[in-house]
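Next come the structures, one after another.
What follows is a pair of complexes built around chain A, which joins chain B in one and chain C in the other.
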Partner chain A sequence: MAGNKLLLIGLVQALLVLVVAPFFTGFSRTLRAKLHSRKGPGILQNYRDIFKLIKRQEVVPAQASWVFRFTPYIVMATTLLMAMIIPILILQSPLGMAADLIAVVYLFAVFRFFFALAGLDSGSGFAGIGASREMALAVLVEPTIILVLFVVALLAGSTDLGTISQKVAAGEISYYSPAVWLGMAAFAIATFVETGKLPFDLAEAEQEIQEGPLTEYSGRSLAILKWSLYMKQVVAIALFLAVFFPFGSAAVVSASSLLVSVATFLLKVAGFYVVAALLENGMARLLLFKTPAVTWVAFGIALLSFVFYLANV
Partner chain B sequence: MIVQQLFLLSILLYIAGAVASLALNRAGKMANYASGISAFAAAIAGMASAIPVFARGTGFTMEAVGVIPFARLIFQADIFSAFMVLVISLLAAATAIYSLSYQEEYIGRGAGVLGFLNNLFLASMVLVVTSGNAFYFLIFWELMTLASYFLVSFEQENQEAVQAGFLYFLVAHAGTAMIMLSFFIFFLYTGSFDFASFRSANLSPVTKNLAFLLAFFGFGAKAGIIPLHIWLPRAHPAAPSNVSALLSGVMIKTAIYGILRVGVDFLGSSVWWWGLTVLAFGAISAVLGVLYAISENDLKRLLAYSSIENVGIILMGAGVGMMGVASGQPVLGVLGLLAGLYHLINHAVFKGLLFLGAGSVIYRLHTKNMEEMGGLARQMPWTGFTFLAGALGISAIPPLNGFVSEWFIYQSLFMAGTGGILAVKVLSPLFAVMLALTGALAAMCFVKAYGVTFAGTSRSVRAQEAREVPVPMLAGMAILAAGCIILGLGAPVVAPYIANVSSALLGASPVRVSDGLLVFPASGSQAILSPPLLALLLVGLVTLPLLIVALQGGMQAGRRMDSEPWACGYKYSPRMVYASSAFAQPLRVLFRSAYWLRTAMEGPGYAIASYGKGAMAYVARMESMWEDYIYGPLARGTVHLGKRVQALQMGNVRLYCVYIIVTLVALLIATVR
Partner chain C sequence: MSGTSIVNALAVLLILTSMLVVETRKLRTAAYMYSLQSLVLVAIFLSLAVFMEAEPLYIWSLTALVTKTFLVPYLIIRTLKKVGIQEEGRAPETSSSVFLAVCLVALSFAVVEPFHMQALLKLKVALAVSIAHFLLGLLCILARKNALKQILGYCLMENGSHLTLAIMAYNAPETVEIGILTDAIFAVLIMTIIARRLFQDFGTLDTDKLTLLKG
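Moving on, here comes the complex of A and B:
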């Protein structure tokens, strides 16, 4: 496929994630409210929050430097770039000629790096706690993510996300292999952590891990940062789907097939959120120092998946 | 011909700078300029002599008149040596400019001597990597060690620096002894000290292993691989900061040069577990090095520990490469070595930059303790900016340079995982996991390093009153910050050259690693990366949120400065800011076992009699276990042995006569037989 056309699809993907991200987090909030037998906010509440915030005056602590002010924009650009690389609508990475899955994993690090740095830059103690925990959590899940992705990449013979998607969709990498479904389980846990879900983080609560660095943000910066956080959730889910559930994405590009893949993508993400909401409701927030118990399990599953890969080949 | 002359000119300029600086010691400022300017000129000459070697792909050999009858003074610069000369000269140039201002601190405290040692140190490093004779190699190696020893303990009034220097001296010489033994094995088999004949040495398998292991651990002591690292986090911070930049940035790389010279060039990397050994020691050093770095409160010690991590990463690349060669996969060999060498030059650039940045902070604040810093990005914006560039580079943030080299390491590990020896196949994804862990830890470490030093609130009066450093210091840092960006975004241009170095070193056929704006590991079907494209897209995509804000009228809303951050309704105080040890606390708890953390109560104790004798303290001691369990017993054993040997020395003249007679008789018997 021509490079221009792919780049265009990449931009469509980025815009799609940009547009639907607040919807999905709103959806998740509503679901959880229903499970709590609360009325809860409307599904579109996050859009209203964002657009209201953008118009508000911004209050910046005098201590903060340019890092604090630029972070929201850097962070959003990074998420948009990730949305362009991950195969969301087609079975090919729109930016396959520029980046592979290792680049995506490291782009998540860019997000975290600036997000945590902005927290420290604000000079607030709460933001500092959030920043420290955000980075510590990454240390716990990163090994699992890389191991699972490495196993899948070894199965596909390439670290290109498009190639992996194609091979999974075509059944060349089969679900019957324990390596794949164990990897899927481990990666699901890692995605769960990356999206800031309950046992690890309560993204909605003030003073929690993700909200920590946000403490001093307000106005348009807060709007952009919150939006980026929503997008990061969708992007993390999209990565999971691209590797393990690429079905429904268009193999050939045409208007109708793209529409179908948009619909299936939205359905798949919604499915993830439903499962996540159910799980979240069954759990209480975990003490940070207790999280290794869970992440070690995830890493153990990933290791098992690798062992099965070795046994098969 | 011109290349050789430029090379000689470079060495002569270093020596001239050293002599002039020493001669002008009384006139501190002049000495300073003499050493700085000549070092800069020498570095430029060094680069000018190295670049043609790259362009042509052929090196040069030069035989000079030696003073030692049995060893020839040969300078031999193949493409690998030229690469090392380039790396050394690049950092030398940046630090030379930087030190023009920085060394003014030392006027009246031996600025001339500092300049003398500095130039000598630089010259010796260049000579080490171009020497073509084992004997002279060792002389230059010793010169390098001595010059750096005096630089480490330069601040004589500082007890810590003197002790650090002594420890460095001991470990370095233990290492040198092993290197000597390794070279001696070659000498026994070839009867010559020339590197050229070492290459064709026909060693038996056992001696081969022995020669390699001796060289690996001998050079490894200099490189600071764990567990031979204990001197490094003390010695590197003790030196003046421009010297620290050289110690961490390039000196430890000469050890990597040595490992590769012996393991790959002389011995052909013929045994597969050599590569695995290098890889394993690299991986362990990487993970533990960065773990120790995170919990440091001393900025320069943090950077020094991080050097252990990066040496580990370099060795991981080199190890994969060596395994590739040994298992008959030349492409993997080239790729692994490319990754290692790429990280080598990257680390020289960003660690040099970070040490210079730390030096700038210390120049103004006169403290290395990060808890007393904070908020410096406002008073020292350029220092802050360049330091951030280095921090991003070292945290492997795409599209900067650290990311590109780590990407290549991942790719070579991936390739190693797809085929070949079973053990390699099993282990390489696990090494990738260790690299991922290192990456996440490094990001945390440098969020802390930048965040606690430059971001947020000033936590001391000196930090509040800090000013930007003089222009020469900024210029030195700016060169290296530009290097971080160029080596990252320019990967498609840089990678092929480094691939040439690695294929030349292996004697393998060249491997294609780039095309247009793309880099790839030998074939595009495995993976493709384009740092310039990523950078372009990132910059382009930043406009999107800006556009959204502008369209929604967010720009008119304006911005108000608030004097203090939120503090739960209490009065805000800078002491509330999350500082260095607090930031690292989760990791200290999570990785308690890896830290070998020991906590203890110190002070008077619980007894009633001790009341009123001062406060008790709760101290957490880290990492002393290496010393407690390995180095302590070793030192005690040596002292014990020494005491036993002392028994020979009775002070009785008649006994000494017996010794002499016994020796003579033994020698007579030996010669007669």
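Moving on, here comes the complex of A and C:
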């Protein structure tokens, strides 16, 4: 009974992320345009792009294997699964009985793996470079994410994301403890990189680092892949919010509290995008081989948070 | 939130600001960062004074505010203006020195672990941080080549030892503190003068170049 209800909420979460993801990336594009004092596309432009692409004919490179054709669906499925595991609307992981934060980290890895593999499989040199860059970025960012999540899990005494959310919301894991706010800082940087923001990637230029593997895609596959990329941004932010800002999520499951938590979730994500837009437009582009300098500093902060956890601060 | 946890959180902030001092490439900004970190130190003194009911610490924090937050950065920036060098030359990678800093912090926590003094039990973290801070200043002196950066490193070490003193002997009379501070100020003053002479003679602040023979 309770399990079914939770599953239902998980589906609602997945649906929510599916529907709002293009809106938020459109929102971020509009914000960037406003900060550049140009008119820019409308907020709904990404929906229009996706529906236009779905109607187009699909072309697949002759030498591409099944990996190339299946990747859009695998990637979309992993993102939806992540949206179901992360406690977005309630202070409990809807799939908590089956998956914890380690599963989420691995799902991120599966996403990356297939995305990069498809880029290599397409046989285009350009997509290959994009794929290798994607993997390089993964190597740089993932240690930070994993380390911070472990520190939080050790503090909570459980790897279940729902338990962590509850303990943070109840104040059992206090922000005053240096381990927590250092971890939060490191995780915020990692999330910023993960969402493909400007110092590392320019989402508007299609052939950049994170969208490089998309080079050979067209038609429906391209639409699904782009949609999954948008969703991945929202999911990464949702993970950050679930671990460090779970406030406003419903503690008990009822229709009204769910509506409230949907509203707060949308507000929180919009807040993240506003801050991210201000940051990314205040910075210059970064060469890819300079990114380790930034990500290693983030990892250093995460490590410091771990040291402070060990020292019981 | 209890008094000790405020002190401990501020102590962690001290570590972060000192890392900022070590990592900032622009010397003027580094001086401002030092000023910021001294402000944190003053805040620690004030909170210690409140929670430990230690009267002398009020005067300590006032003198520390005047000398560390204003006077030392002023001396550094004045030298910078005279010399005209704004940026540090080649420096080691930020990432590697961040890792070294993390190792130093872990080391100092390990060092403090066996301490069992009654007065210190609550402030063990702050003590560990003050030791880590001293080590970070040492790191700054050893790893950076720029003379002014090394002066800032010396100031960091001084801040660290200051915090240790404040934690271990918060009821020491003010005269001790004033003696130490005048020492530190004159040391910085003399070092900036030496740095300026260095620049006059060698045209650089890179201490590696000191080995060049000039007839």
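We adopt the following convention: the second predicted complex is superposed on the first by the 311 of 313 C-alpha atoms of A that agree within 3 Å, B and C clash if a C-alpha of one lies under 4 Å from a C-alpha of the other, contacts with A are read in each partner's own complex, and residues count from 1 in each chain.
As a working rule, contacts are C-beta pairs under 8 Å (C-beta built on N, C-alpha and C of every residue); 3 or more make two chains touch, one makes a residue touch a chain.
Note that the structure is a prediction, hence the values are computed from the model and not measured.
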| item | value |
| --- | --- |
| Touched partner set for A:Ala251, first chain B, second chain C, both or neither | neither |
| Contacts of A:Phe51 with chain B and chain C, given as first, second, both or neither | first |
| First, second, both or neither for A:Pro292, with chain B first and chain C second | both |
| Partner chain(s) touched by A:Leu310 [first = chain B, second = chain C, both, neither] | both |
| Touching partner for A:Leu117 - first (chain B), second (chain C), both, neither | first |
| Which superposed partner A:Ala33 touches (first chain B, second chain C, both, neither) | neither |
| Touching partner for A:Ala99 - first (chain B), second (chain C), both, neither | first |
| Per-residue touch tally on chain A - higher for chain B or for chain C | B |
| Residues on chain A lying within both footprints (that of chain B and that of chain C) | 292, 310 |
| Sites on chain C touched by chain A in the complex | 1, 5, 8-9, 12, 15, 93-95, 98-99, 101-102, 105-106, 109, 125, 128 |
| Residues of chain B defined as touching chain A within the complex | 375, 377-378, 381, 384, 388, 392, 395-398, 403, 406-407, 410-411, 414, 417-418, 425-426, 429-430, 432-437, 439-441, 443-444, 446-447, 450-452, 454-457, 518, 525-530, 533-534, 537-539, 541-542, 544-546, 548-549, 552-555, 557-567, 574, 576-579, 582-587, 589-590 |
| Sites on chain A touched by chain B in the complex | 14, 18, 51, 54-68, 72-74, 76-78, 80-81, 84, 95-100, 102-103, 105-107, 109-110, 112-113, 116-117, 120-129, 131-133, 135-136, 138-140, 142-143, 145-147, 150-151, 153-154, 157-160, 163, 215-216, 219-220, 223-224, 227, 288-289, 292, 306, 310 |
| For the chain A and chain C complex, residues of the former touching the latter | 176-178, 182, 292-293, 296-297, 299-301, 303-304, 307-308, 310-311, 313 |
